[in-house]
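Two complexes, one shared chain (subunit A), two partners (subunit B, subunit C).
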Partner chain A sequence: MRVLNLVLHTRNLNQVKYNKEGDLLFTAAAEGIVGVWNAFTGELLGTLEGNEGTVNGMAATTDSRFMITGSGDATLRTWSLQTGENLQKYELGYVNSVAISPDNEYVACAISPIMGFEGSVQIYKLNKETGEISEKPITTLKYDPENKENLGFYGKLGFSYENKYLFVSTNDGSVLRFKLDELLNGEHKIDNYIKVHKEVIMDLQFSPDLTYLITASRDRFSKIIDVESMDLIKTYENMYPLNTACITPIKDFVLMGGGQDAKSVTTTDSKHGGFEIKLLHKIFNNEISEFKGHFGPVVSVAVNPQGTSFTSGGQDGTVRVWFFEPTYFDYTVDISE
Partner chain B sequence: MDSVATTISVPEIVKREIVEKDDGTKEIITFSIDPATNLKHKTVQIVKQMVFIERKSSSIDQRHSTWKKYGKEALNTSLEKCCIVDNVNFMIGEKYLESKKLEESSKKDESKGGSVRKCDFCGGNHMKLSCPVRKQMRQEQKMKEQQQMQVEGESKNVSKDGSEIPTWELYNNKNTFITSKLRERLNKNQELIEQGNEPLSQFQFEKLEEDKKTLFISNLNLNVTEEDIRRELFPSNGFTMDKIERVNLVKNKITGASRGIAYVVVLDDEVAEACAEQMNGKGFMSTIINVETLASKNTKKF
Partner chain C sequence: MSEVIIENTIEDIQNIELDFTEYHGISIDDIEIETEAIEEELLAKYNYKEDDSLADIDQFIVVNGCPKAPESKLGALSKVINKVFSSVGEIANMEVPVENGSTKGFAFIQYTLPESAKKALKLLNGKQLDNKHKFIVNSFKDLEEYGSPDFSAEFKEPELSEPKGSDSLNNWLLDSRDQFFMAKDMDSQLVWNRGSEVPELICESSKWVEQAPPRFTVDGRFLITLHEQGAASWGTDSMIELNKFPHVNAKRFDISKTGKFLVTFSPEPIRSAYASFTEESIGHNIAIWDIQTGTLLKTFPLPPISNLKQKPPTWPFIQWTSDDLYCARLGPDAIATYDTSKGLKLHEIIKVENIQSFQFSPSKCQVGRTTDNVSDILTYWTPELTNQNCKVTVMEFPRKRVLRSVNVIQVASVSFYWQNIGHYLAVKIDRWANKTRTKISSNIEIINFKETNFPVTKLELTERVLALSWEPKADRFATISIDENTSSLEDTLPSKIVQFFNTLLTPAGSKSWVLAYQTGRSHTNRLSWSPLGRVLCVGTAMENRIKNSELKFFDMDYTGTHNIVTKLVSAEEAEKLQPQKKQKKPRGFMDQQEEEESLSGTQLDRVGKVFNKGNGLRLRELAGYTSLSYTDFSWDSTGRFFSVFCSSAKVSAGNGYKIFAYNGKILRQEDQMGFKWLSWRPRPQVELSAAELKKIKKQLGEYSKKFKEIDSRANDLNFAKAKEMKRKLFNEWKAYREETAKKSGDYKLFDFDPIVENLAEGDHIVEEIISTTTTVVDDE
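Then we have the complex of A and B:
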C-alpha cells in the first residue's frame, strides 16, 4: 500500500478536506496554517498564512477558487486559493466550523459561546466571482438557553442537497435540521431534530450525494441519519471514543478514526490506544480492515471524492495519505454464507 | 553539430520491410550500409502500439499549469515536505481477521510472560532447567547407574549417597597405594564396626572434615555484613584475611535482612579451633557473639 507522510504542521490537526474534484487537499492545524497540497503526489502547493489562532473549520468553494476559514482568533477570513491572498477578515467570535452551500450561494459558520461571544449560527451571502462574503449576515440564529428545543451549543454544520436544509450538531449529542428558506426569511424554527448521542458530536460528514450524513461522537458510536426523514439508519460501535467518520464513494464502506484522550495516552502503550483507522462495511456493519500508523488520536479523516485514496490527520501533527490497493476494490461479500 | 556529423557516420538505408503480425505487433526489418566501414547491417525491431487515454478535467489542468506556489513554507524548498512510508500492509476481509486472531493469540502468550522462552533441550515453552523431558532422562540414567553398581556385586561397599564405604576387607584384596588419609578412614571404620555401628562412606568423611574447619557464629548484630566479618572481626582478633576461605551470612529469603547467623570456612581445623577459642564470648558491634566449630556443635546436639 502506498502511503504518503505530509510534513508541515507542528501542532495538532483540526480538519482535513478535499476539494470537489479531489485533486487538492487542505489541512488545517492548530498553529494557524492551512496547507494546500496536490492530493496525488503530495507536493505542497501553498500555505495560507495569517490566522493568529487555531484554524477550526474551513470550506472551499466547489470551483476550488476560494476558501473560507474560521479561526480561534475570533475571525472569519476569505482567501483566494490561486494566490494565497487574504481577501477579507471579519471579527465574529470563536468560530467552530464553516460550511458552504453546494451551489456556492451561502456561507454558514457556527460560533461557540466562549470568550465573551454569543453562541450562534450566522449565514452570509457569497459572491461567486470575487469570493467575498456580505458585510452583515443575512440571518443570525442565536443560541437561546431558555428555549427547550435548543438542546446545546452549536458544533458542526452541513448543507444538504439542493440547499434544502441546514444541519447543525449540538454538543449534547443531537442533530438539528433547519429549512434554509425559512432561515433566510428570519424564521428561526427547528424543523426537526434527533438525539442520537450521549456525548459531544465531533464530526458530521455527508454522503457523496448529500442525502444522508454520518456523525462521530466521543461516546464510541458513529451513526448514519437520513436527511429527508431524520431516521437513524445505521449504528457503528468502536472500542474507543471516536473523533471522525466518513462514507466512502464507489464501495459501501465507512471509515472511522479516534482514540483515547490525549491526557491518558501517556499512561498506556500506543498499541492499546485505539489509534487505528477502522474500515467497516456500511451495510453489514462488520469490521473489514484497519490502517495502522498514527501514534496519537486521529482527529480528522476525509475520503477523496474519486474514491481512490483517503487522508487522515492526527493529534500529533502528522498527515497521512493512504492510496487503496486493488484488493480494496475487488472485495465482495458472500451473502450465501 | 557539424563535428557530430563528421564523427558519427549515419548508415545508409537500403531496404525496409514492415510485417504486421496477428497479435497486434509489427516487425520492422531494415537493411543498411555503414559508409565509414562499408559493413552491411540488418536490424529487426518489434513494435507494439499502445494507446493511453488520460481523461482530465479542464479545470484541474488549468489549476495545475497556471497556479504558482505561495506561502513561506511552500516556497522553502530546502526541506522535503512529503515522504513515502514503507512496509505498509493492507489486508481486507478474511485475511485481516485471520491476522488479527494470530496477533491476539501472540499477545496472550506475552501477557503470560514467555514468548521469548525456548528450551534448548526439547524446544518447548519453558527454561532448560525445568524441562520435564530432561528431568525424566536424568532420572532414568541415574537408575541405570545404580542398577549397574548393584549388578557388579559391590552393593555392600556402596552407601545410599552413591559413594564408596572404605573398609579393610575391600582394600586388602586390592593392589592400590593406601594414603595416610585413607588409612585413617579405614582405621576409623574398623573401630565403628567393632563397636557395632555402621561404617561411614567417603562422602560422610569429607563432610565431617569440612565441618571441622567451619565456624558457626551466632548472636551477631543485625547490621553486620559479610564484609564486616571479613575485614573487622577476624583481623581484630589476630587472624589475617587470607586465612578465610569463604563467609556466608544467613539472610531472610524474602526481605533480605540478616538473621544474625554466619558460617565461616577457614583454611584448616587448627585455625578453626584457635578461632573458636579466641573469639567465643567476645563483643563485636555491641553484641556478645558465640563462636564454635560446626563439628563440635553437631556432636553437642547428638
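Then we have the complex of A and C:
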C-alpha cells in the first residue's frame, strides 16, 4: 500500500477533508494553519494562514474556489482558495464546526457555549461569486439549556441532499434534524431527533449521495442513520473510543479511527492504544483490514470522493494519505444461493 | 377472585366475541354477555376452588404439654405461655381451652407471621417449662394431617429421590471437543471450543464470577465459584447449582488433589454459629468441605506464629496427599496431618523444629524394589541456624521413613518442584553468592525416584533460578533465571534468561541433567509445558511494569536436522571459518535447510547460547509473537489447544482472548472490552488399561476419519449459516436502499459497489477474501 506522509502541521490535526472532485485535500490543525494539498502526489499547494487559534472546522465550496474556516480564536473566516487570501473575518464565538450546503447557498456553523459566548448554530447566506457571506446570520438557533428537547449543546453539523435538512449532533450523543426551509424562516423547531450514543459524538459524515450519515462517538460505537426516516440502520463497535468515521464510495466499507485518551495513553504502549484505522464492511459489519501508522489517536479520517484513497489526521500532528491496493477493489463476498 | 382468573375471563370474552359469528360487525360494547355464567364456566374449567381459610394455616401452632391448671389460674398460665412463645414473634391470638373447670393441657397459638410459627417449631419444641412440664410444639397443619382418619400409621419405606444429576455429571465427556469457561464483565459462559469457529454456547450465567475466578475440580466434574456468602458447586449438562458451601466473606478457595474436598478461607474469623458452623468453629478462618455432598467436614483457625524465624503461612494452607487420604497443615515447629477417611480426625503431629515449608508429592512414588511398593512422599526443609545446617528432608508418608536428607549451608530459601507423575523432584536451593548476602545463585538437586536408592544429581548454577517447570511425564525441565551479577530483581525491568535442561546417561548408566540451551535476555515470566510434553510455551505476560507481552512455542523433539541448536552451532563455526561460496544447485531443488527455513519462517535467535553442542537437545522454535498483550495463558487438558487472554481485571485496554493450535498457529482471536477470564475444563484421568490404549492408538486412523467427517459436516453447516446471515444482511440493506430511492424521488442515488450491480444482473459472485493488509510506516 502506498502511503504519503504529509509534513506541515506542528500540532494535532482537527479535520481532514477532500474537495468535491477529490483532487484537493485540506488539512486543519491546532496551530491555526490550513494546508491545501494535491491529493494524489501529496504536494503542498499552499496554506491558509491567519487564524490565531486552532482550526476546528472547515468547508470548501463545491467549485473549490472558496473555503470557510471556524476557529478557536472565536472567528469564522472566508478564504479564496485560488490566492490563499483571507476575505472576511467575523468574531462569533468558539466555532466547533462548519458546513456549506450542497448548492453553495448557505453556510452553517456551530458555536460552543464556552469562553463567554452563547452556544448556537448560525446560518449565513453565501455569495457564490465572491465567496463572501452575509454580514448578519439569516437565523441563529440558540442553545437553550432550559428546553428539554435541546439535548446537550451543539457539536458537528452537516446538510443532507437537496438542501432538505440540517443535521446537528449534540454532546450527549443525540443527532437532531432541522428542516432547512423552516430554519431559514426563523422556525427553530426540532424536526426529529434520535439519541444514538452514550457519549459525545466526535464526527458526523455523510454517504456520497448524502442520504445517510455516519456518527463516531467516544462510547466506542459508530452508527449509520438514515436521513429521511432517522432510523438507526447499522451499528459498528470498536475496542477503543472513536473520533471519526466515514463511508467509502465505490465499495461498501466504512473507515473508523480513534484511540485511547491522551491521558490514559501514557500508561500504555502505543501498540495498545487502538490507534489503528479500521476498515469494516458496511453491510456485513466484519473487520476487513486495519491500517497501522499513527502513534497517537486518529482525529479525522476522510475518504477521497473518487474512492481510491483516504486521508487520516492524528493527534500526533501527522497526516497520512493511504492508497488502496488492487485487492481492495476486487473484494467481493459470496452470497449466492 | 384472583387476578389471574380475571385476566383470563377478559381474554376469553374477547375470544368469545370472535366466535359469535352472527354478531359480526357489532362492537363488543354493544353485546350483552352474561359474564357470570362465563365466569362460572371458567372457574370450573380452571378447577378453581374458593378457599376462605386462606393460606395462613401455617401461622398456627399447637402446644402440648402445658400444665393442667384450674380455671382460676388461667390468666397466669396464659401469661406464662405468652411470655415463652412471644419470644419468637408477635402472637396474634392465643386460645387455652378449658374443660370441666380445668385447662386441657394444650394451647393454640396464632402468630401474625408464618415465619414465627416456623421458628417456634424449631426453637421451642421440647423446651422445659419446669421439672414436670415440657412443651411439645406441632404445627396445626401436621396435627390436622396426622389426626385425620386417612392418615396411615403404617411405616412406608420412603421413595428415594434420584440424586441430583449424578449420572449426567460426566455426560460432557462424551463429546470429543473441549469445553472452556469464559467471563466478560459480569456475564460468564461455558462453551464448546470449536477452534477457529465461534465457540458454541452451552450455558451462561451472571452468577459465576463474583469474589474470585471460578475453577473446575481436577476431574472437570464440578465448577466451583466463590460468592459473598461462600462457595458453590455447579455441574451436569446444564450446569445447575449442586451444592452450597456457606462461608461468609470467603476470599479464596482450593481444591484437593483428586477433587474430593474443597478448602475455603476467609480472612475474617467466623464470629457466630451459622449454617453448618457450630460454636466450635468460632474464631476459625479455614473450612474444609466435601464437594460431592456439600457437608462441612472441619474448620481450622490460622496457625499461630509463635516463632519469629518462621515465615507466615502461605496459601494454600491445607496440603493434600495424592490420593486425598490425608491432608496436612503447617503449625509452629510441626506438621499436623489429618485422616480424611476418619472424618478428618487428627492423624499425627510430625514435630520438626523450625520447619519452613512442606510439600506432598503429586502422585505416589516407587519407594521399594517392586513397582507396587509405592508411597506418598513428604518433603520439607528447616533453615540454617547458628549451629545447624539447612536441612532438606524427603520422607515416606504416612510411614515416616526418611529416604533422603540434604544438608546445605549459606541458604536463603528452598523450593520444591515435582515432576507431575512423581518420578523426579527438583529441590531448588537459593544460596548466597557473596559474603555481604546481596546476591543469590541457585543449586538444583534432583532426586531420582526411578532408580534404586534415589540418587541425587546436583547442578550448581551461577544464575538465580526464579521458576522451574518439568516436562510432563518426561525428564527434561526449563527454568527462568536471572544473573544477579548483571541484573537485579529490584531493577525496573530485570532481564531474565530461559534455560533448557536435557538428560544424559552417565557411563555408569544413571541419569544426569545438563544445561543444553539458553535464550537471550528477555522479560520472560511464564513457562508452560503442553500436557502431552514436547511443546513448551515461554511467555512474557503483562504485569507490573511489563507492558509488552511476548510468546514463543518451542518444540523439544524436532526431528529435522536443522534445529536451533545445529543452526547456532553452524553459525558459530561459520564465523570461525572463511565464508564459503554457495554451490549452485540444479533448478527446482531446494536445499533442505532452505526448505526448513522457509517452512518455519522464524529467524535465528542469535542471542541464544548452546552448551556442548546442545547435549542432544533438538530444539526448534515453532512460532513467536512479539505484541500480543495478554495477562494469562494456559493449555487445554488434552494439549491440543493453547489460550492466552488479557483480563480487564489487570489491564484496562486490549482485553480479549486468543486460541492457538498446539503448534503455535493462531486459530481464533476475539477482542472484547471487559473480558475477564478464560479457563479450560480439565478431563479426568484416563482409566483405560495399557492394552486398551494401544488398541485405540491402532485404530486412530479410523477414528480420525469419523471425526473429520463430523467436523466437515459441521463446517459446511456453519458456512451455510454464515452465508445465510450475510444474504439476509445484504437483502436488508438492498431493501433499505430501494426504499430510499423511492423516497428521494428524482434525486439520483449512487451505490457503486459491484455486489449491488452483480446481484441486480443475477450473477453469481465469486468468493474471495483478501488477506489483512497491515502497513507499518516508519516515521522519519
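We take it that the second predicted complex is superposed on the first by the 335 of 337 C-alpha atoms of A that agree within 3 Å, B and C clash if a C-alpha of one lies under 4 Å from a C-alpha of the other, contacts with A are read in each partner's own complex, and residues count from 1 in each chain.
Methods note: a contact is a pair of C-beta atoms (placed from the backbone, for glycine too) under 8 Å apart; a residue touches a chain by one contact, two chains touch by 3 or more.
The structure displayed is predicted, hence computed values, not measured ones.
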- Overlaying on subunit A: subunit B and subunit C, fit or clash? clash
- Between subunit B (first) and subunit C (second), which, if any, makes contact with A:Asn38: first, second, both or neither? first
- Message: Looking at A:Tyr328, would you say it contacts subunit B, subunit C, both, or neither? Reply first, second, both or neither.
- Response: both
- Query: Once the shared chain is lined up, is A:Phe295 touching subunit B (first), subunit C (second), both, or neither of them?
  - Reply: second
- So, A:Glu21: does it touch subunit B (first), subunit C (second), both, or neither? first
- Message: So in the superposed three-chain picture, is A:Met1 touching just subunit B, just subunit C, both, or none of them (first/second/both/neither)?
- Response: both
- Message: Touch test for A:Thr170: subunit B only (first), subunit C only (second), both, or neither?
- Response: neither
- Message: Taking the superposition on A as described, I'd like to know which of subunit B and subunit C A:Arg320 touches: first, second, both or neither.
- Response: both
- Item | Which superposed partner A:Thr83 touches (first subunit B, second subunit C, both, neither) | first
- Query: Following superposition on chain A, which residues of subunit A contact subunit B and also contact subunit C?
  - Reply: 1, 3, 5, 288-291, 293, 320, 322, 325, 327-328, 331
- Query: In the complex of these two chains, what residues of subunit B are touching subunit A?
  - Reply: 57, 59-60, 63-64, 66-74, 79-85, 88-93, 96
- Note on the structure: In the complex, subunit A touches subunit C at residues 1, 3, 5, 161-162, 208-209, 211-212, 220, 226, 228, 233, 239-240, 249-252, 260, 264, 268-269, 271-274, 282-285, 288-293, 295, 307, 318, 320, 322, 325, 327-328, 330-337
- Which residues of subunit C touch subunit A in the complex? 547-548, 627, 629, 651-654, 656, 671, 673, 723, 726-727, 729-730, 733, 736, 740, 743-744, 747-750, 752-755, 758-759, 764-777, 779
- Query: Which bits of subunit A are touching subunit B when the two form their complex?
  - Reply: 1-8, 21, 23-24, 33, 35-38, 41-49, 63-64, 82-84, 279, 288-291, 293, 320, 322, 324-325, 327-328, 331
